[in-house]
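Both complexes below contain subunit A, partnered by subunit B and then by subunit C.
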Partner chain A sequence: MSYLSTIDFFEDKDFIDKYQYTLRTGELDLSWMNAATEKVQCEPQNARRGLTFRDCDVGSYGFTDMPELIRQNRSFAPRGAEIPAGVPDLQAEVNRKSEVWAYNIEGYYEEAMSRQWNATTDVPWEELRKYELPEAIGKAYSQLLTFLTEVEMIATDVPAKWMGRLNADFFEVKNFIATQAMDEARHAEVFRKRALTTGWGLMRASKANECNLKFLRDADSFAEASLTLHLQAEGMVLTLFRFSELISPTEVDKKMFRLVMQDEARHVGYGMQHLKWVLDHFPERREIIHRHLDEAENFVFGGGYATEVLEPFIILSGKGMKKENIEQGLKITAQFNLKQIDEYFERLDKCGLPERRERSKLALAMEMTRAVIAAQ
Partner chain B sequence: MAYFAEKNFFEDLELIELTQRVFAGDLTLNWYNSPTEKVACTPRDAVRGLTYEDCNVGTYGYGGLPEFVRNNYSMAARGSEIVPGLPDLGYTINRKSDVWSENVAALYEEAKTRRWTPAVDIDWSALKAAPLPADLEAAVSQLCTSLEEISLVMMELPSRWVSAINQEFLELKSYLCAQMIDEARHVEIFRKRALAGGTGLKRASASAEQALKEILFAETYPEASLACNVMLASLILGVFQQSAAISAVDAKIFRLCMQDTARELAYGVGHIRYHLQHQPQRAEYLHDYLDRTEHTFLGIAASPELLEPLIVLAGKGTSKAALADGSQRVRKFLQHTVDAYLERLSAIGLDRRTRSRLPKFVATNAP
Partner chain C sequence: MKVIFPSLEFFRALQTLMQSERERFKRLGYFDTTFGVRVLDGPRAHQYVLRFEVFECTEVRAVNDLGREAVDFILEGELAAWVEMLRNIRQHGAADVTHSINTLTHLGERMRVVYDDPDGHDKLYRFAESVQEFIDLAAKLEIEFPQRSDTAHAGA
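So, the complex of A and B:
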């Protein structure tokens, strides 16, 4: 990775002369004062919400009128600014709006900015002193937290890896990616900190899940990366958070899961609205999406090897390791698994991919789970 | 797709058998006696909450991170049990002193505490209620156009590196995420400020973008961090300080941005200091890099799209006298900014006061 400016500014006599003349004389060019750009005065439409990107969606500055293919700007010139000759090509690899855009992207970004929270102070850590968890619960919970700590930052690395490849005209998406990176750093932080307060510390890493992370990381396109990261993986984690709130051992933990859920729901929202946008504007992608989901679902099914996630969940759901606890835990866990897959298909339905349910081999997993429930 | 599962799990009888066994209540519990360190961290100061510093203990802590991370290329959380078969996630930055700074955990905590929201933390209605004279508003818009351009690069730079950095450096990666969101906020605020003032955006800058691209595409992370977090951040912090006197609304905008950029600078200074403490042989390499790259400081600072609005705003108008006054003020500002930058480098262990070519271009007595 290396680029050398086409100009060495120390050596460019015209550039230096002009700069020094300007400073010496105060005689300015001022041609920028008459830049050929649109004159606008954006105002908040709702004083309580402040000045939002939606309020700034006007004319040549807006995102509504942005073309599907960005042909005019390959630099960092802000959308709507006058682009002079000589701006460099920033080597954006993604210049097609429907590869990255989502309905309501500006809303997701604004929400993310206004709902940032602080894992250091917004979780009442001091209150944990009131609780002493039985060994089985403490260990099972630490193991679940180990898994969550391990997986969260893939959702930083993957979008961050794509940010620099997107055309700068898609800055609302880039900004959203920045908020997601921060959200996920906070999630890794809060789960790690919670694990380190249990008395057990972190426990065992998960091979099956890490292979899935590598798959998420190595997608061929942003649209495929988003499909499996935001919609499939984070969607399933969102269901996991909801159940984790239910089975978590203290009120402190319930608060923690409520906080992470609001972020995760936003990421899933982006993923869904992005997929919907892709299907509406780039229908040729449909088969590629199915092919990518075929492999993503293979990883999901292979997640059955991750007993270091499944088993703590059973113990926490049943609130212990006695036979009756395990039986109860299995019932709740089976319901959870069923719900997780069902919600995944529902999300795809809503995005305009209803045929996935028929095509997916995950139906096998659902049959197995239903058999477990029936046997109980 | 570049990575596939090792098998088709839907046809994997071993997996189906394992799942059936677990769901019959026969748990493996292979994780239950994981040989990891048992700790119970608590907040040392209840008001400050549970910080990363409170969790800096034993095998979990960043204090004990080795200089070379050789045993973990996965996302396994630092201190957890590493099992066989974890995949390589492709990290190419695995040396602590290539990224680390002693203050990085504290800066991450600070970034979270000092978050702000451009949509609501600025009194946008005040812009319309007390508009600036047309020439000053035009200058603010041009300044904001340049700053939006620069902020995009400062947001993107950490994003280019974060996925290449080993997950063991968690606090550092988390800080880089905070830097991304700080700069996203700057992209947002400068754009909104320009669009709310009645003028709109003005002109992008070819010279500044050439210079910014050279910074953005640095070959190594220490080079990128030095150029962006120390050199460019020194300039931008100076621009923010210089611009804070335009109006009450703008003063608040620039003050808020200043605290974010000061944090970036604190990281950059801390990072290069740490880098040189552990790799002193790199000093000459970084000198050589700056010999080649410091011209970008001038490419940005002297671009008419940044320099001229600064002069108009410093002189508070476009009359001949105002511009003469403004240009003298900006000349002093540039000299002061370069002095401060070189002082910082000197404090880090890179004394360039006699080597750098920058001073001769910003000296107040320059031709």
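So, the complex of A and C:
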């Protein structure tokens, strides 16, 4: 209990007298009825879509005219409300709009809310009875699911960690990252549940992967955390989910990966629109972004190519462990790795960071992979 | 009623089926994208634009050049690949493990996703289940395919 009231209300005679007087006389104060706020009546612009944040983007309640620096509101007062004297300073750590904002943030939130799904009931678990996976495939798939569960647990923690640190005026962003925390929690749930239905359960946690995840979690600022979580890590995981759908052994798994990829693509969308916003409104951050990506990519290369991560892909994409399966798996996995990195650079290019492809050491990883493919 | 594939009528039939299954698509959530379909047929290409908004398919039209249309992405493949996919959907009631849109397009071997803008490309994945379930509605159609040697046995 680190925050204490400056008054002990149970011992404050003035407070108790006023409380009792009001109850006894019914004399109401009613000063709140004259709150100095705008009178508005928002309506849905599209009845089929419902009442959206965009419909509520009006005057002092809106986000369009929100200043870059939030100096006035340091409390939980909802944007547009009258802020009385004496509200506590909650010491939000992030008070600069360009550190958190994204083009179309309100749209991503509404999409997130309408596309929620339920890992318990929307995946046709009962159909798994139709399938029996060979031992090598079952174990490789369980290892992949273990890795994905680990990833999604940290992906839940990161937005949840930052949510309370953002100024309350960034309402739409806070709500969006709340949906993200829910999405990622559902992903951890669905991958854990799937692992526990394979007959093998969970396999081995990944040291290299967890070092990468710790780097994500411990970012110094929200902007850095978003850059590496939303854009770099989730962008690569999105490609991974599509690859996982491709190599999925059952139709149940196909559906599961289509559902998780939808959420992941939405997070990537936020990450892209956020980076664009940062580069448009806070261009001096460009070099900081590059430096953060330098280290993020180092972790990606080290983590993504750990044996417990790489080998299940090879076995699953080759559909077995015979020599010809492994050869086929190596080819497909190499193609996947190239696609993953290429799509990452495409997104950065689109966000206004085209020089990243030249500067990044991941370009060397691509050259190495291409050389291996050419030699096969 | 039989519908011919590829044809504008085929996609209009899917649009009508989607309308009749509004609750199913509403459960999947907002579906806001415009994408193209390109069916490569020898020297010809059958091209269509499909627009989705909120929970509905609001527009279906045939076009001469998808390159001139504002679309998020284009699903492109040889006629034989499209026919094989649709026959598979008809046979199983929905695409099986080897015939989902993502599986067919991911490595670009059977079909491709063509795009200029990675943000537009990612919409295929943001709405992945809606796109798949829209295409899977073909299971409810009686489809007449071209009588050609390279499509007659595809996926049969």
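Please note the rule applied: the second predicted complex is superposed on the first by the 364 of 376 C-alpha atoms of A that agree within 3 Å, B and C clash if a C-alpha of one lies under 4 Å from a C-alpha of the other, contacts with A are read in each partner's own complex, and residues count from 1 in each chain.
To be clear about the criterion, a residue touches a chain if its C-beta (ideal position, glycine included) is under 8 Å from a C-beta of that chain, and two chains touch if they have at least 3 such contacts.
Every value quoted in this text rests on a predicted model; they were computed, and no experiment measured them.
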item: Residues of subunit A touched, compared between subunit B and subunit C (which is higher); value: B
item: Which superposed partner A:Q20 touches (first subunit B, second subunit C, both, neither); value: first
item: Touched partner set for A:Q262, first subunit B, second subunit C, both or neither; value: second
item: First, second, both or neither for A:I7, with subunit B first and subunit C second; value: first
item: First, second, both or neither for A:R49, with subunit B first and subunit C second; value: both
item: First, second, both or neither for A:R71, with subunit B first and subunit C second; value: neither
item: Contacts of A:K254 with subunit B and subunit C, given as first, second, both or neither; value: second
item: First, second, both or neither for A:Y61, with subunit B first and subunit C second; value: first
item: Touching partner for A:S114 - first (subunit B), second (subunit C), both, neither; value: both
item: Contacts of A:E82 with subunit B and subunit C, given as first, second, both or neither; value: first
item: Subunit B and subunit C contact sites that coincide on subunit A, given as residue numbers; value: 49, 110, 114, 116
item: Interface residues, subunit C side, partner subunit A - complex; value: 28-30, 32, 54-56, 94, 96-97, 100, 102-103, 106-107, 117-119, 122-123, 125-129, 132
item: Residue ranges of subunit A in contact with subunit C within the complex; value: 46, 48-49, 110-111, 114-116, 238, 241-243, 245-246, 248-251, 254-255, 257-259, 261-262, 264-266, 268-269, 272-273, 332, 335, 339, 343, 346-347, 349-350
